[in-house]
Each structure stands twice: as structure tokens, then as C-alpha cells.
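As C-alpha cells, here come the structures.
Consider the two complexes below, in which chain A is the common component and chain B and chain C are the respective partners.
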Partner chain A sequence: MAVQELELKPAVPSSPLLGFWNTFKKNRMAVVGLVMLVVIVFIAVFADALAPYDPKSYEGIQSGDVYNAPSAAHWFGTDDAGKDVLSSFMYGARISLIVGFFAAFISIFIGGLFGIVAGFFGGRVENFLMRFTDLMLVIPDLPLIVVIVALTRPNLLNIIFVIGLLGWTTTARIVRSQTLAVKSRKFVLRARAIGAGNWHIIANHILPLVMPILVVNAILVISLAILSESTLSFLGLGDPTAISWGQMLNFAFGRGAMSAGAWWALVVPGFGIVWVVLGLTLLGNGLEQVLNPRLEAHHLMPGRPTVQTEPVGDESASVEHKPTKRKESPLLLDVRNLSVNYVNEGVVAKAVQNVSFQLHEGELMGLVGESGCGKTTLMMALLRLLPAAGEIANGHVYYGGRDLAMLTEEEMADLRWKGISIIFQGAMNALNPVRTVGDQIREAISKHIPNYPPGTLEERVVELLELVGIAAEHKDHFPHQYSGGMRQRVMIAMALSCNPQIVIADEPTTALDVMIQAQILELLDNLRRKLGLAIIFVTHDLGVVAEMCDSVLVMYGGVTAEYADVDTIYNAPLHPYTQELLKAFPDLSKPERKLTSIPGYPPKLNELPPGCRFAPRCPQAFARCSVELPKLHELADAHFVSCHLVENGK
Partner chain B sequence: MSRYRFLLKKIAWSVFTIFFVLILNFFLFRVLPGDPARAGVKDPRMKKEAVEAIRVRFGLDKPVINCFQSLNPIELGDCAVNPFDTQFFIYLRNLTRGEFGISFHTNRPVSDVLLERLWNTILLIGAGQILSIIVGIAFGVFAAWKARTTIDYSALITGLVAWSLPTFWLGIILLFWGSNNGFPIGGKATPGTSSYPFLYQAGDVFKHMLLPTLTYTIVFMGEYMLVMRSSLLDVLAEDYILTAKAKGLSTFQILKDHALKNAMLPIVTIIAINLGFTVAGAIQIEAVFSWPGLGGAIFEAVNRRDYPVLQGAFLLIAVSVIIANLIADLTYSYLDPRVHSE
Partner chain C sequence: MAQDYILEVRYLKKYFQAGRPGWFSRGDLFVHAVDDVDLQLKRGEVIALVGESGCGKSTLSLTLMGLEEATEGTILFEGRDITHASPKERKEIRQRIQMVFQDPYESLNPTQTIEEIVSEPLHVHGLATNPEERNDRVRRALEDSGLKPAEDYLHRFPHQLSGGQRQRVVIASALVLEPHLLLADEPVSMLDVSIRAEIINLLADLRQKRNISVIFITHDLGTVGYFADRVAVMYLGRIVEIGTMGEVLKDPQHPYTKALLSVIPVPNPRLRRKRIILQGETPNPIDLPKGCRFHPRCPVAIEACKLSDPPLQKVSDTHSAACLLLVR
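Here is the complex of A and B:
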């Protein structure tokens, strides 16, 4: 973004420019590349002053000077004509850079023009231009360049034009796709709506946004042009009057440097090419990282180990949640004082703090709260699926007599899916696009139940699919052939495939239409009754919670706001956040009530308020709230609330 | 159904491209100054009758194409001339018969010269491609898996450096080193060994191939590694990898069954796009190591101004690249079920 601003207002050294420079500075690759280039450009510009000898003159050269080894007089030795290699190297830098820059300029101009015109105008123009680009892309460059240069006179201008006229294809493609992406942005549409001309829009709105990508691509094109020139010269098609690095190599290689053992005549010019190309490559790669930062974090990076810091002071309110409604059914999952941190470059963000809850067989627990309150993080921590930056800072997750927080990765892998499975939020990409649906279900079963009778494995897959209402014939289809709702059902079938005791459903119905949502929820509820599953249901939808859940855990800013059975939460909520959430939700029994939403947003995890997390938005907040984090108070009937008001009321 | 249409479209496009290259090849050599046949005809030592004989033999007495007697210098001609009696048609007819003309230098038919050389090039490129793809992918996978560690950074830097090396220069350096360390100094076989037993000859060729293949591998490995690394990093950040992990699969299983195939897709594209560079690399390597391939033929033809060989080699290379490209496209469609349903 910074560069675009830079292109728009080059005269004003505004903060975007500074911002760009600051990010750029931090990228070691880009800085090293830039320095390498500055050095070589300096040498090329000041070759006259820097070079110890004039490579064009034969003055003072004697017959014994051919291929002399490096010495004080000739730092890099002499070449086949007795000339100083260092001096030729310095002048050669000029030729290589001139060809590289000018040829690349031609390529960038043509490629940029084709790309923008094709992307902007679309239709037949685009079709024709891109077909032509494809055509040129497939014809091998170097042989064509060689043929054309061999048929014309090999002088510098010809070489520049031939390399330039054939090197634009990748630029055209990249610029076109960027133009396509940019042209539907709002301000472009707006400019068009007020009647701005096409070329005006291109020059003022499209070009600045295409520029950063074009610059990165230009750097690549320059390095390719320099490589092409040196290759041409090496093959004997260089301009004999302009000695480039490639030409030096051609002379040395063709005129016996090899047999004379004159490594300096071979190494030095090649080193120059590598230096420039590597400098450009580093700068290009660095710039791309700056303009287009990527986290480079992925799901297979080793997670951080569980820390178990000692719980501190007020925040440590340990909860012994006693089973209330479903005392008769056995306890499955007992989460105690679980805290999760995200650690990024030494900065710690407290995503979840001291959350405790219990889950019994057949229980359906609702986990509610706005986005960014730590719900998903909590669920990921249970399964130890936190991203690489996440760590369990404290707490225990007891399941089947073991503490999941302390298991090794292998033990955890065995337990996942068989004990606890998860249905992810938005299953659009949760299925592998290149494997069939049936295959992906089968895989889970054979992993956890290795000696599943092979003949019945197929039946089991069909059975699971039918359980979620998908006909057996769709088994061998790929995920892209499924609708969003069907994919979500496949996720559910997959989550049930190994008969888990607990299923975590993380907003399983977001992004689906209402009818499908209802079907899927009903399905989950039925399965729970039929199979005796315990389900943790993460959602925004309080209606669903009221209808289906046994208990509800309300989270805010990473902490428990309120935790109780569903009737208590709906009929006697004590935490102002729960109360506000309920006010924002329509109640059919009180149609006259006005819906109100809570102003503001949940706190950012790295800027948590010092006192109660909800204090800044709380209508009932008083002085103490912004100073002191409230304890989690247990009221009668296993009703937990973290609010100072509760304390005052008692 | 859609799959066949997809195949048909791709094949039709390749045929069109080949036809374009044929036409380009014809006009390139007639518009630009160094007309192949004219260059040979202009030799002052030749007798007038001999020149005329060559002109007739190559059909140079005929107009280049309808309306043009010659294109360099431009000389208008009869537009009503029988199109089958023009140089352009004779060129196409000769091509269908596999005739690329006669080499100025060796006086042998170009097609004979090039055909044996084509196999040598395929041998070299094949060995180099396979090695560089295997090594590049292996390093790329390892770097991505160990993302943001020292292993990853060193792999990244190695890849960038390898990418920046000019192929011919790396070849020179390796040849320089090899010639001092007992490696053969070039060519495909030691002269005078053609009557030796087959195994000895094969071993000899293998020894000659080592350094050219190493050069090829180092240069191309870098790019495959960088592409594989970045592609795998993208794939490993996908939701379906998290699903696979949540399913309890081991890291090895996830890499093997869920990540590699998906991450390979861009590699197939890159291999296709790179075919042009592959050929460029082969030309340089063959020039340095005197490997008797198509690239070497181009190098020699340029230095001897042997235009028929140059023309034939260019045509053969271009057509091979187009066909290889088609194969890569079809492989891609086989690997990614989404392609032909879009």
C-alpha cells in the first residue's frame, strides 16, 4: 500500500512513504540486494575513474603479458590479449547493466500495456491479447533470440531490442491479473460512475495500484535480460565493440584460458553476473515480502509446549463446577483454569484466561460470545490444534483420566477424532479438493480403527453419508462438486466416523442459508440423542442455544463472563454482558420489546483493559470495574458469574 | 464429456501454435538479412550454373509467396500465381516430408544431423530435469516443513543463489574443476571407443554426462525448490491440513497424503513454463561441454552461419517445447480434478 501512495504523491514525504521505508529497512534480503546493486552501479558509472587501465588501448602490453596471474599490477590478472581483467570487468559492468535496463524497459512497457489494456477492457481485446501472450510464452525465448540476432547484425542496439521485444510475456500476465483484481474496487467504479474516461481511470486509478507488482516484476525482468545478454555474448553473438561480461567469458573460454589455467579470466566476469543477478533477486524477493507480507506459519509447525505457570492472585479463581442438571451421567471432560497465550516476537497476547467448565455424557453445551472473544482458541486448545504462536500457558484438560495439556504430540494424535472430534467453522476449505469425499472419510476410520474389516469399511462410509442425508452415489465425488451445505454435512459425517465421545461444533452453520442451518442443527441434535454424544456448540445464535443446549458458557475478552445451565442464563442472567446479548436477540414471547445492540467491539487481545474486560462497554460499570478484574463468583445452582455487581448485591 | 472437450481444446491450441511457429520460422529467415539459401548462393567461389542449380533445388527462383517475389529486399510479384508453386508451399511440403534442407557445412541433410542430436539433448535434459525436480522438491518440502528455522533460511538463500547462476558460467567452472580432476573434458564419448563392448560405452557416456547433468541440476533445482517451498507453505496453511491434523494423522501422513499432491500442482505449471528456459539451459551446457545435442548444433550453426541447420534446430526445439507443454497441461488436468469442470 505504501508504494501506491508513493506513486500518487511523490512530492510529499508523507508517512506512508516513511512507513514503507521502515518495513523495507527491516527486510534484510531487500537491503542486502539494494547494497549489492548500488555497489555495481557505482562501479559502472565511475569506471573511467576507477579502472586502473583503459581496456581499449594496447599501450604498454607485451607478448609475455597474456594470462598473467593476479599480481600487484593486475589484481585480477590479465586476459588473452594481455589486458587487465579488473579494468575490463569495470567497463563490462556498464554494457551488461545498459542492456539489462533498456531491454527490461521495453519488455515492461509492452507487457504493462498489454496487461492493463487486456485486464481493463476485457472481452475480445483481452481474449486476443492473452492468446497472443500464450503463444509467445510457449515459444522458447533463447533459440528465437539467437536466430534473430544471428540473422541481423549483432550490435548492442539490436540485442537490446530483440531481448526487450521477446521478454514481456510474464509481465503481461501478471499485470493483467492485477488489473482485473483492481478494476472492480469501489473507487474505480465510482470514478467510472461520475463519467471519467477510460484512459483517465487507467492513469489515475489503475496504474498506481498495479505499480508495486510491476516494480517487483521489472526487477526480475532486468535480471533475465542481463542473463540473456551474457548468454548471447558467450555464444558468440555479442557486439564485438562493446565488451560485456559475457563477451569476456566468450573470449576467455574460446581462447584457451581453460588450458592455460587462467581461472581469473573465467571467474571474475561470471562473478559480476552472479553479483548483479543475485542482488536483483534478493531485492525483488525482499520487496515482494514487504509489499505482500506472508506469515509463513502453517499447521505442521511444532506447537509450543504447555507452560503451566503458577496461577496469579485474583485471576486465579479456580472453579469446582459441580454437575447440576445431569448429575446421573458420567463426567467426560473437565477443563480447569485453562489459559492460552499467543506469543509473537516476544509480545504476549492473552487469548484465553482461566476458563473452566465440565462436560457430561450426552450434554450439549453452548459456547457463546462475540467474534474475537476466544471461543475458537479455547476449542483449539482442547484438541491441541493451536497455531504455532499459541501456547497453553496454564491449566488442565482432563479427559479419560489423562491431562490432554500434557500429552505428547503422538499420544494426542491417537486421541483426536477417536475421543474428541471437531466440525470446523466454514467447511468450504476443510476438505481436501483433490481427494474424493469418501476417501477422506475412509482415511479417518482406517487411521484410528486399523483392523476395520475391509469389506465393511465401504459400507460404513455409505452409512455415515446416509446418516447426514447424502446419497451413497456421491461418495466418489470431489468436494467441489458438493454444495456448501453438503460439505458441512460431510464434515459432520467425518466427525462421527470414529465414534467419538465428544464433538466440538465450531459455528457449523455460518455462511449457510437458513433452511440448511436448521437441517444441520436438527441433525446434530438427533445424533446426540441417538448416539449419546456430548457436544460443545460454538455459536452466535442465542436462539439455537435456548432451543438445544443444556448449559451455556458465555465468554468475553478471553475470560468466562457467565456459566450456568440454560434456564438460568435465559431467565436470570446476572452478568451485564449476558443481559446485553439477550437484549440484542429477538424474543418471540415479547414482540413489543425493542432490540438493542451493544455499542463498540470486544477488546483486542493485545490491548486488554486493566480491569473488567467488559467495563468499557458495560452500561452498569462503576469505578472499581476499570481497575480490578472481577473474580469468578459461584452462586447457588452452579451459576458462575465474573462481575463485581454480584459481590455488591450479596 | 467436459474432459474430452478440454483435451480437444488443448490439442487444437497446440496444433495452432505449431502452425504459427512454422510460419514464423519461414518468414523470419526470409525477412531478416541472412536468408539461408541466399547466404550459400552468394559464395563468390561458386560457378554461375551451380548457383542456378541451387536456386532451382531450393525453389528460390519461385516467388516467396503470392504477391511477393522476395521479402528482403521487398519485391512485389504476381498475385495470381499458383499458390502451390511458391516457396512457402514448397517449405511446408518439404517439412511434411521431414526435409529441412542441406547443411552448408557438412552437406548432409539437416534432418539426419538433427535427429541423432535430438536424442542426445533429450538424454541430457531428461536426466537433468529428473534430478533437479527430485532434489528441488525434496529440499523445498524440507524447507517448508521447517519454516522459519535456520534450515529454511539456508535453503532459501541456496535456492536464490542457484537461481542467479548463469548456466554457462557454472558449466565453465565445473568443467575447469573437472578437467583438473580426471573428468572427461567434453563430448559424449571418448573418441575411438565405438567398437568397445556396450557396457563400456554406456559407462563412458555416463562419465561424460556427469558434469553437464550436475550443472543442469544445480541451476534448475533452485527454482523448483523455491516454488515447492512457497507452494507447500500455502498448502500447509490451508484449512484441510488442519482437518487432517484434527483427524489424528501424523505429520508424515499429512505431508504425503494431503499436502504433496496439492503443492505439486504449481510445480507442474512451472515445469511447463520452464521448458523454454530448459532449452536455453541445454544450449548453454551443450556449448560448454561440446555435448552433441540440438543446443550444440545451434551453437555451431551460429558460428559457421549454417542457416539450414539453425532453422531446423529452432523449429525442432520450438515444436518439442510446444508438445512438452501440452503434456504438462494434460498432466495438470489429471492431477487436479477441478480443472476441467470449471
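Here is the complex of A and C:
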């Protein structure tokens, strides 16, 4: 669904940092975490000014002040020495955060270095570093820390180093796997081709892409370090001169706060630890979602019936489409004035506007246009599988005497696959790698026809595979044993599994070699003859369309540019866009012709030009084109063109 | 004579060990990715290297770039043997051989600005250290690649550009070093048809203006069209036919070339014709078929094809093909 993402992309921010901040702001979890942290860091930094008492001085403390309950003078009571718990809490935040941050810094540095070096250089270096990491990983941290701290003098610096030097293993492993992933990307190869050395590549290409994961990991490591420090202090191994939250717990616990009923002496430092760790975890999870867009939910939203927000034919006045007699065979699908909007934060993008076409039994229609012209959106609207932001704004899709735009989701679900099925763009790469191909086809059948007689299911799988030219013995093979061409055949078999009348093929041959492409085209052509299928072939490749289609719908900027039979489109095109597209296509039968490309790019759907969508790139545009959207004119022989030039008698 | 050629490849072989060598795997399994390739390229010439995936065309280009070590054979670049160049020599050579990759969406680092991307080669080679000169060269490379005015693009990020614009950035970052030879590995196959023409025309202009030689690797002869002077068709690691574009298009000799040509779509429904559709796919290059490599898929194979592996034979001075049927 790359096309739709492109179409939906909001105005791009000028720098990635700004873009990051914009996404970050929207993530409530991350913002809450950040606020929680800012509060505690603020308290720690300004403890001197904020704390009502100095926790180190015994000034003004009477002998009876032990475990005083909360009062106006001591909001959170006093501890075993009569000191103010709130003040200790504020100074304790300082110690806990210092240990957390510095220990995490050491861990991240070592782990990051090990991970990047191991992932990048591989081989022996990797083997040595990662086995060492594994070794460190199996040594239980806490007992080791206890032993080391017990043996050395328990001061703050020692504690920071011990926690830091033992906490890097997970970081190293995560960074290594990320480095491996980045290393295999093409821009690293390109950097090598430029002549760049290893360290240049690490600094300029690996590090910037490992950084996000390192940052997320760092945040979690900080919270682990704070927890470790608290544990150590609680066990009495902390620095007795530095009062951290763990130290407060230790004193309170060891000196009878429980028996004295002084809950505040335990709850307040405990709350501090929970607060920081929770804040860090929220921030970490939030950041991960922001930095790793793959975790963002992208779902198709089935079941939105048409909203009919627009009166039919407001702008590009719709021509009443009579079902044309292009074909003798019966009419299967009649799409009339279909419009699709994307609504993103209140902004309406008109992805498809008033598109009409008819499809007859056995007809092969080509749907042509550049990327971002609304082809995929139109097809998704037919199946009512638009992304969550998309909605059918008006129009009708008549199929089998019913209007698909009006059906409930249950009725529509029944029609999908059985009436109209689709071969998604790039879907051949989406086969489940751990299940056999036969298994996956079987699942596709039984999912859509739940009461399929199980006895004949196996036969059906074999029949479908043979239909698409795959021998039955490959049934129990896994997708990785199939080539790209064979996987695409499997996708076709799946689309045919419920005997649909119409198959939509969205760029089915784009990623394939010419010879495999020819095989797939031949297959589709045979299938429609054999099964009487009607096929809608979505592509940007005009050559393929000329080879096999009966009719062609050329789309531009979400509207119909030209719609006619294939011969008219190639030999008497009237819309300048069709003409330009044809000029851009290499034709080996005409050696003398120089290829021309269409300057510029299709309009973004959120900034459509006011007049004709194509006017800014049109070589024949005149004044009227940039003001008025041309009507869709029907010429004599069922030839539809939306261009002002046609009106003037060419 | 040798002076005429910018690149001479002799009997080049690149084998990969199949699987990891170990106790239980056979040590003698090799992927014959490139197997005895002979190729000469004149200064300013454009050659198209055509074949299906798995035919070894990409490995050949990586070997020429020195990103893969050749197993056997020699590569002469501007008269100098660069087959086993030291890393230092290699770095120097890379200033003159540059590469354009297939996927403009993947081959740009998303965290770098266009300016950083295009000036990176200069940094790497320590060229144009004076900031003004550097800016000048970056700007010129961008504008020569059709991104005008360069100022509009310098501070943008790859994700803000379209596919065609990104491919121009890739080309600009190759041009900034002023290379003599450009290896273009499927530079347009990921782009919309409407944009392909402009990238091809751009390469054609560059060749004319700067006299750059180009090796254009593609699986689709149709996209190269008449931009290339010569074409070499590869099958399973070997060149099976080579000749001028006109000769190969009008009078293909090898059955594989004939099939490849027949499936190129012609944008005219009145010219629909019989296509020679080869069934199956390129066999795996570990267990090469005996005899002619193409015979299991060849529509006109005869008994003799299973036995002897035909060498390239001259059809004319500029045109050769490797097929037993040529003798008749």
C-alpha cells in the first residue's frame, strides 16, 4: 500500500528532528514519561533550594522526633534519626539519578562499541566479542555485584563502575543485530563503491541508524541501573555517606520503621523508585514507537459503507454513463461516479473523483497511470478495503444487481474473494515462510468457504496449483523453495480459490524479470479464456497493457483522463496525458524516435491544482485549463476524454 | 590498440563457494556466477548487459568495481591491471569507476541531507578540501544530473524526493568524482515508466557531454532501447551473444536473445505477435547443465547441444553468438 502512504503523507517537516518532535508530541505515553522524568530531574537538580531541611545536619532535632507522623512542618514525616523524609527524598533523587545515568552511560558505551564492531566486522572479531558477551550474560549479575562491592570499598564511584561494567550485555546484542541489518542495506554498499573505508562507513552510515535503538535501550538501561543501585543500598552495600532512595529504605527497614508503623519512611523512597522507573519505561516504550514506525498500526478498515458526503457530480460534472456496448458479453461490474476521500486530521484529500467504468465477462481492462494517481485506491474502494482514513464519498459499484457501496460489512465480506478477488501488489513476498504453500492455499479456501467438504479440499489445492502451472509435487514445499515467478503464481491460485468472476491484479509483474513477466501475463490471459474471468490489470507499464488488454482506463490525479478500447488508446489517443505517456514508453520498433519524459510529477492529492489536474505538466495547456476542471466528454465510439481540447473539435 | 579501450575484461571468472565449507558439506560445490567473460569497452561507449536474474550480470559489475574479488582472469582499466589491486590502489581507481544502484529508495542513507550525500565522495577521497570548491562541485554535479537549481535540493532529505529525483541524486553522487566509467545496475527498473525515459536521457547526455563510458545492466532490453551502442546478452554467467544494438535487435542469432526480444512489450495492440515464452527459470548455477548451458530451455535444441558447449563465434566483425546452430 505504498501508493496510499505516499498520497497521505502530510507536508514534510524540514528536518528529521522537527519531524521527530511532531510525532513524539502525539505519543501520549512518551510525553507522560518525559514529564515524569523532567519533574524528578528538576527536584534532584534543585534539591538545595527545594528541600525544607538539610538532611545532613542535626540542627533543631530533638530526641523524641523519631518517626514523627506527617505534619505541616514535615509533610512526609521524619525518619529514624528525626530527619525530614521529604528532604532526604529530594537529595536521594540526586544520588539515585547520578548512579543511574553514569552507570548506564558506561554500559551503553561498552555495549554499543561491542555491538557495532561485532556486527560490522563479523568473522572472528564477532565470534570473540559475542561469545564473551554470552559468557557475561550467563553470570548472574546481582550475586557478582554483591561480591565485588563487598570486597571493594562501597563508595559511589565503585558502585557506578560495577553496575556499568556488568549491564552492557543486552545492549551489545541488540546493537549487533541492528548493525547487521543496517550493514546489509544498499547505501552501505554504495558508500563502499565510493571508496569509503570502514570507519567512515561506521561513523556516517551505521551509527546514525543504530542510534535510535541505542537511545531507546539507554533509557531502559538507566532504569535498570537505578534499580540495581537501590537493591545494593537496600542490602546495605551502598555508600553510607550518600543517601539514595535505596539507602533510605535500608535505614527505615533496618531501624524499625515497620514496627513503629512509620509507613511514610518506606513508602516515600519506594514511590521515588517506582516513579522514575515507570517514567523511564513509558518514555522508552513511547520512543520506540516513535522511532520505529513499523510498530505503528496500519490496518485496512473494511466495512465502512459509503458516506455520500458529496452530491453526485459537483465538480467534474459527471456524464451519465450508459453501459456501453463495447462487448457482446454480459455486463459484470458497473462503477459509476465513484469518489474516494482520505480524511487526515480534518484535511480532506480527494484521492479518486467521479470515476466510472464498466467491466464485461471475460474482459481484460488495463488501469494505467503513474504512481500516486489513485489506481490502487480505486481498486481498494471497489473491495471496500480502504485504509482507516479513506471513505467512499459518493458513487455506486453495481455488481450482480447490488450496489457494493451500500452493502453491510457482512454482505461485503461474503462477496470478497467469491465475487471479486485481488492479487495485492508485492503480496508474493508475504507468504508465511514456515508453512507449506499447499497449506496456505488450503487455509485460504477454508477461511472463505467454511463448509467446504474436507475430503475434496486436497484435490482442490492440487487443481488450483495445476491451473496456475505448478506441478502437484511442489504442494508441500515451503515458499523459500519457490522462485519469485512461482510465488506470484501461488498468489494467483489463491485469488482464484473461491471461483471469483472478477480478479483485480495490482502490478502483478512489476518486480519480475521480463521472461517471468511474460509467463505470468500468458497465464492470466489463458485463465480468463478458460474461466471466463474478467480481469482488471493495474499497471504503469503501457507495453503490458497493449499486449493483452481489451479496454484501458487512464487515470491522472484521481480522475479519469481517458477511457476507451485498447486500439483507440494507442492509435488515436486524445488526452495529452495519454499521448505523453506513450511517448515516454520505449518502442524498439521505432529506432529513430527519442524518448521523451513528462516533466514534473503527478500532483499531491492534498494540493491538487485548481483546474485540470494535468495542466501544470501539459504541453498543450491553455488559459482555461488552469481554471476549470474539464468535463468528461463522451465521443462517438464509447471513448471518454476529460480535456478541454476535445470540446473545440480537437 | 589497447589505448582505445577504457576497460578490457579477459576470461573473468567469479565463483562462490556454495554453502559454508565444513565437515559435512562437499568442498567442491561452486556457484559459477561469472564464467569466462570477455568484454572490451571503448572510451565513451555505452554497452548494455542483458539477462535474467541469476545470470551473473550483477556479480560481474560488483567484480569490476572491486567489491568482489575475481576468481580468475584479468580486468584492465585504462590499460592497467586492476584485478587484484591493493586497497590503496582500489581507492584511487574508485574515483574513476562509479556505480549507480538499482533501488533509489534503499541506496540513499535516510539520515543524510542531499548535500551530505553528494559531497561524501569528495570527503572520502580528500578532494576539493576548500569549502567553496566543494560547494561548486556538488552544485555542478546536482545540476548536471537535472536537479536545478541545486539550492532547492541541498538541504532536503531523501524521503522528501520522488523516486526519479532520488535516482538523480545517486547519479550526482557518482558524477561528483568525475568518473570515466559508470556502472549502472538496473538504474530504472524500480521507477515508473514515465520517469525511466528521463533517467536514460540523462545518462545519454552525460555520455555526450563528459564522454563517460557506461555499462548499463538490465533485464529488459526494451528499457535500454537505442541508448546503448552495443549489447551483451548473458546467460548463466556467460555472454551468449554480443554485438551492436542494431545488429542484435534486427538479426538476433542466439535463441535466448530471440526469446528475450520477443517478450519485450510493444506499445501497439495492432502489433501483437507470437511471443517465445521460455518456460521455467534460469537453472541454478551450481549444477550447470552439460553441453550448452541453455539447452534445457532452448526451443530449438538438438541432440548435439547436450554434448558440446559452444564458444562465441563471429557472425560479423562486430557481432558474435555462442550457438551450435550457427554453423549450419
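Assume the second predicted complex is superposed on the first by the 476 of 650 C-alpha atoms of A that agree within 3 Å, B and C clash if a C-alpha of one lies under 4 Å from a C-alpha of the other, contacts with A are read in each partner's own complex, and residues count from 1 in each chain.
What we mean here is this: contacts are C-beta pairs under 8 Å (C-beta built on N, C-alpha and C of every residue); 3 or more make two chains touch, one makes a residue touch a chain.
Computed from a predicted model, the values in this text were never measured in an experiment.
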Partner chain in contact with A:Leu135 - chain B first, chain C second, else both or neither: first
Should A:Phe424 be classified as contacting the first partner (chain B), the second (chain C), both, or neither? first
Which holds for A:His200: it touches chain B only (first), chain C only (second), both, or neither? second
First, second, both or neither for A:Phe120, with chain B first and chain C second: neither
Counting only touches as set out at the top, which of chain B and chain C does A:Tyr67 meet: first, second, both, neither? neither
Based on the superposed arrangement, let me know which partner A:Phe357 touches: chain B (first), chain C (second), both, or neither? neither
Report for A:Met515: first if it touches chain B alone, second if chain C alone, otherwise both or neither. second
Looking at chain A, which of its residues have contacts with both chain B and chain C? none
Any idea which chain A residues touch chain B in the complex? 134-135, 137-144, 146-148, 150-153, 223, 227, 230-231, 234-237, 249, 253, 258, 263, 266-267, 270, 273-274, 277-278, 281-282, 285, 294-301, 383, 385, 410, 413-418, 421-422, 424, 426-435, 443-444, 447-448, 478, 480-481, 491, 494
Which residues of chain B touch chain A once you look at their complex with the stated criterion? 13, 17, 20-21, 24, 28-29, 32-34, 144-145, 147-148, 160-161, 163-169, 172-173, 175-176, 179, 233, 236-251, 253-255, 257-259, 261-262, 273, 275-277, 279-280, 283-284, 287-288, 298-299, 302-303, 305, 307, 310-311, 313-314, 317-318, 321-322, 325, 335-338, 341
Given the complex with chain A, which residues does chain C contribute to the contact? 52-53, 65, 67, 90-91, 94-95, 98-99, 101-103, 106-112, 120-121, 123-125, 155, 157, 159-160, 162-164, 170, 173, 177, 192-198, 200-201, 219-226, 246, 249, 259-261, 263-272, 275, 277-279, 281
Chain A - residues contacting chain C, complex: 12, 14-16, 185-187, 189-197, 200, 204-205, 208-209, 370-371, 483-485, 513-519, 522, 540-544, 546-547, 549, 566-567, 570-571, 580-582, 584-589, 591, 594-599, 601
